[in-house]
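Presented below is the structure to which this report refers.
In this document, chain identifiers A, B, C and D correspond to the written order of the chains, with residue numbering beginning at 1 in each.
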Amino acid sequence: MAPSKPVCLILGAGAGIGGHVAKRFAAGGYRIVLARRSDEEGLHRLVDQINDAGGEASGRLIDAALPDTIEDLVTDVEQAAGPIDCALFNLGAQIGNRALADTSYKAFEMGWRLATFAPFRLASALLPHMAERGRGTLLVTSATAAMRGNAGQHSHAAAMGGRRMLCQTLNAEFAPRGIHVAHVVIDGPVDAPDTLGKMLGEHFDAYKQSRGDDGMIDPAAVADTYWHLAHQPRNCWTHELDIRPHGDTPWWNDN
Amino acid sequence: MAPSKPVCLILGAGAGIGGHVAKRFAAGGYRIVLARRSDEEGLHRLVDQINDAGGEASGRLIDAALPDTIEDLVTDVEQAAGPIDCALFNLGAQIGNRALADTSYKAFEMGWRLATFAPFRLASALLPHMAERGRGTLLVTSATAAMRGNAGQHSHAAAMGGRRMLCQTLNAEFAPRGIHVAHVVIDGPVDAPDTLGKMLGEHFDAYKQSRGDDGMIDPAAVADTYWHLAHQPRNCWTHELDIRPHGDTPWWNDN
Amino acid sequence: MAPSKPVCLILGAGAGIGGHVAKRFAAGGYRIVLARRSDEEGLHRLVDQINDAGGEASGRLIDAALPDTIEDLVTDVEQAAGPIDCALFNLGAQIGNRALADTSYKAFEMGWRLATFAPFRLASALLPHMAERGRGTLLVTSATAAMRGNAGQHSHAAAMGGRRMLCQTLNAEFAPRGIHVAHVVIDGPVDAPDTLGKMLGEHFDAYKQSRGDDGMIDPAAVADTYWHLAHQPRNCWTHELDIRPHGDTPWWNDN
Amino acid sequence: MAPSKPVCLILGAGAGIGGHVAKRFAAGGYRIVLARRSDEEGLHRLVDQINDAGGEASGRLIDAALPDTIEDLVTDVEQAAGPIDCALFNLGAQIGNRALADTSYKAFEMGWRLATFAPFRLASALLPHMAERGRGTLLVTSATAAMRGNAGQHSHAAAMGGRRMLCQTLNAEFAPRGIHVAHVVIDGPVDAPDTLGKMLGEHFDAYKQSRGDDGMIDPAAVADTYWHLAHQPRNCWTHELDIRPHGDTPWWNDN
């Protein structure tokens, strides 16, 4: 491998935001490492698409909920692929709306484990490397649930609210050392077959149709915004931004 | 015991906010149940003070980090003391400022376990009882770290950010059913010997002096505000408010 | 007049929040000065009710949109009634939802003049007196429009957003000097015949009925919260809180 | 003039953000119209730079505080230069920190007139044109004072708080009609000779030096972010983002 390519590591690399960020950064000259929990076939397809298009990508299946997986991944990638210049934490923890009585302790803890603790683990493993180099970007996909807690979102909102504060504490400690942590509030449905698509199943197409033209967030467009964030010069960094389709009501407005 | 007294359960009943809420609610006609993790002597002293003043209080030592402790407490209190009309979750998870490298996974998880998961457990155990009765109040002491993440606050801010969102999801589900969840942002130092006092040790007095008259939040005054919150009629409920000494800069302002 | 009674000045003293704050503070030992723009009969009725109940009140009609009215009022009251210990700014500027095309420059400016500039004028006239005495409270009734801008709220939201920031700048300058500025976000319909009642006219009763028991904010309950805010000791001040009926969705949640 | 070029109108076109947005959008294929209040020579220099670089620009001096100036500008530009596809409102109203006693009514009103009313006037004049075409972008440079009110910022914060809410109401009404309103919170010093440079005068260079490498926001970098915002597809719009130098403490953190 040519050592000159910067590395972009993506945790949560499905066919939605993760995959499109992979393609966008590959096209922009990054060596891509994709990680996801399941669907080896989907992972290979994504890796092949990038490599076929002249990019450079590899992939791994890891379960971010298990001990050492994220930590080992960072170590391995730093050694095998090169210095990680940009990482995307793209794992969510949305489990749909559940009343308190239907939200088990296990579900509540799993929300935290995936949505708050996992990015903390990634930061703990990765940011010392970046800090040593005085540069790096950590992009964090987040959700409206980080901003307000809706009914039924006990697990998800608590986890995402923690994630948002974590991004701020990371930024407070590491931005002065050259590391950019960006918290992106996705405030609308993403046209992502691997997440929303799987949740809605056979109803996904009808749902898309019901939202009309440009009614769902195109993950390729999100990837362009992530690219922009990752390449803001360090005198001009954005810590937080929101994204939604033009026809959607922002979370702060009445429906 | 006269069955007519409403019960107020306090988790985190030291000599600061918890103890003063106990005294205020006892004076207002509540039967008080105090729970704290350690210092049996301090617990007894508080219980005695309340009973000596004509109130009615009992106390227990429980470790909220352990399984079943909070759940059993709620069950016991409901059976032995009567219907819990008001509960105060008053446990914090401030461990001081620590760089990311000094924030162990264990510390990060303990922050969540005490500051996010414990109130979720309390809500899971208690709110069904309250919902059945169509009334009840859950007061939650919180911190500025729920609003923004400062450097060194990785564990605390992530946990408190989760706590704040949890209060919102609880409110969203249970306010229409008659249960008031109030999130109180304590944005300044409390004159509390058991928490800040212990952190500062022998320097506590000098610190207090340095802050001048009315430079520290009087926990008795906080207790009055909690009393007010708990007795707003259900057509006029406050979900969130902030508290600080008059001379302090609010968290949103520059120092 | 006995000089010992503290004075409470109320701008926007109709039969809703303003009138009930008047009654609450009169009952608590304040000499009340009521000011409103119109309805002399309603003003007299309120003054008479307070005086008949053993309180002490007087009233004036002033148009807060006109030059010198607020300033002269403060001067007169300080001289005639005594030092103003508490003032309530209770004027709104809600004109209903209007598309941008239907929001005239005049309407936009009037929103600012009543909702942002008028409290600035009140503060400019009153706070120097309070600062000299090292004490005082300025209560400001505000609205959800101070927190987010809904469709059709161009004038109202811009004015209320300015009001909120003004409360923060006043607090930043004057809290250390002993003056408490409290910004109260009324996030629901108030059972107020003079404002919402007039807007809805003959439909007011049906609207109230449709909201069920405790479905509208009782202005007397708001007055109790204002009383509490005005009597927090200066080591324990709340700058902002929200209020809504228990069955209402908070502004930050989806409907 | 070739009718095919989209037009970008810039209000507040000095040598900082305004001028750099002009150059960026000219390079990207827009016909630029620059408007500023004074410094005809500086305006011509900017216009010449753009035209010399192969772009297309013209400029005008207008006083946005005067009646009809913004409205006439929009009408003229739509007729003479073509449909305005993107407009930047880049006028501020920072007058430095002033105690309440030193903030005249005139200064308070001027803050509103320039920072809240002027963008309302621009929106009132421009958005109907854009709505008819079903597309357009309104970029609004804003400041930390829109988010919180610091001591001494009575005029500025009240005006900027109003501006922020206005952007939300505009977005709520017009985003569904294809118009993107973006509110950009500049949370740090911009390396802008015409604004900060003039405020600091001979101290500007020393100030810059004191902030170190990348210690001030490069307006050219801001222009890149504005370009990105203006070209997000309508399924992926950002309403608000913040910008600061990496070494600066965000407004929500303690210094």
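Going forward, contacts are C-beta pairs under 8 Å (C-beta built on N, C-alpha and C of every residue); 3 or more make two chains touch, one makes a residue touch a chain.
Note that the coordinates shown come from a computational prediction; the quantities given were computed from them, not determined experimentally.
Mostly identical positions are employed by chain A and chain D in their mutual contact, as over half of the interface residue numbers are shared between these two copies.
Farthest chain from chain C (centres taken as the mean of C-alpha atoms): A. Chain A and chain B, compared by their mean Cα positions, are separated by 34 Å. Averaging C-alpha coordinates per chain places the centre of chain A 31 Å away from that of chain D.
Centre-to-centre spacing of chain A and chain C amounts to 45 Å, using the average Cα coordinate of each chain. Touching of two or more other chains is recorded for residues 148-151, 168, 171-172, 252-253 of chain B. Judged by the touch criterion defined above, the protein chains are all mutually in contact, each touching every other. Only residues 147-151, 251-255 of chain B touch chain D when the two sit together in their complex. The part of chain B that touches chain A in the complex is made up of residues 99-101, 103, 105, 108-109, 112, 116-117, 120-121, 123-124, 127-128, 145-146, 148-154, 157-174.
For chain D in complex with chain A, the touching residues are 168, 171-172, 175-176, 178, 180, 214-218, 221-222, 224-225, 228, 232-247, 249-250, 252-253.
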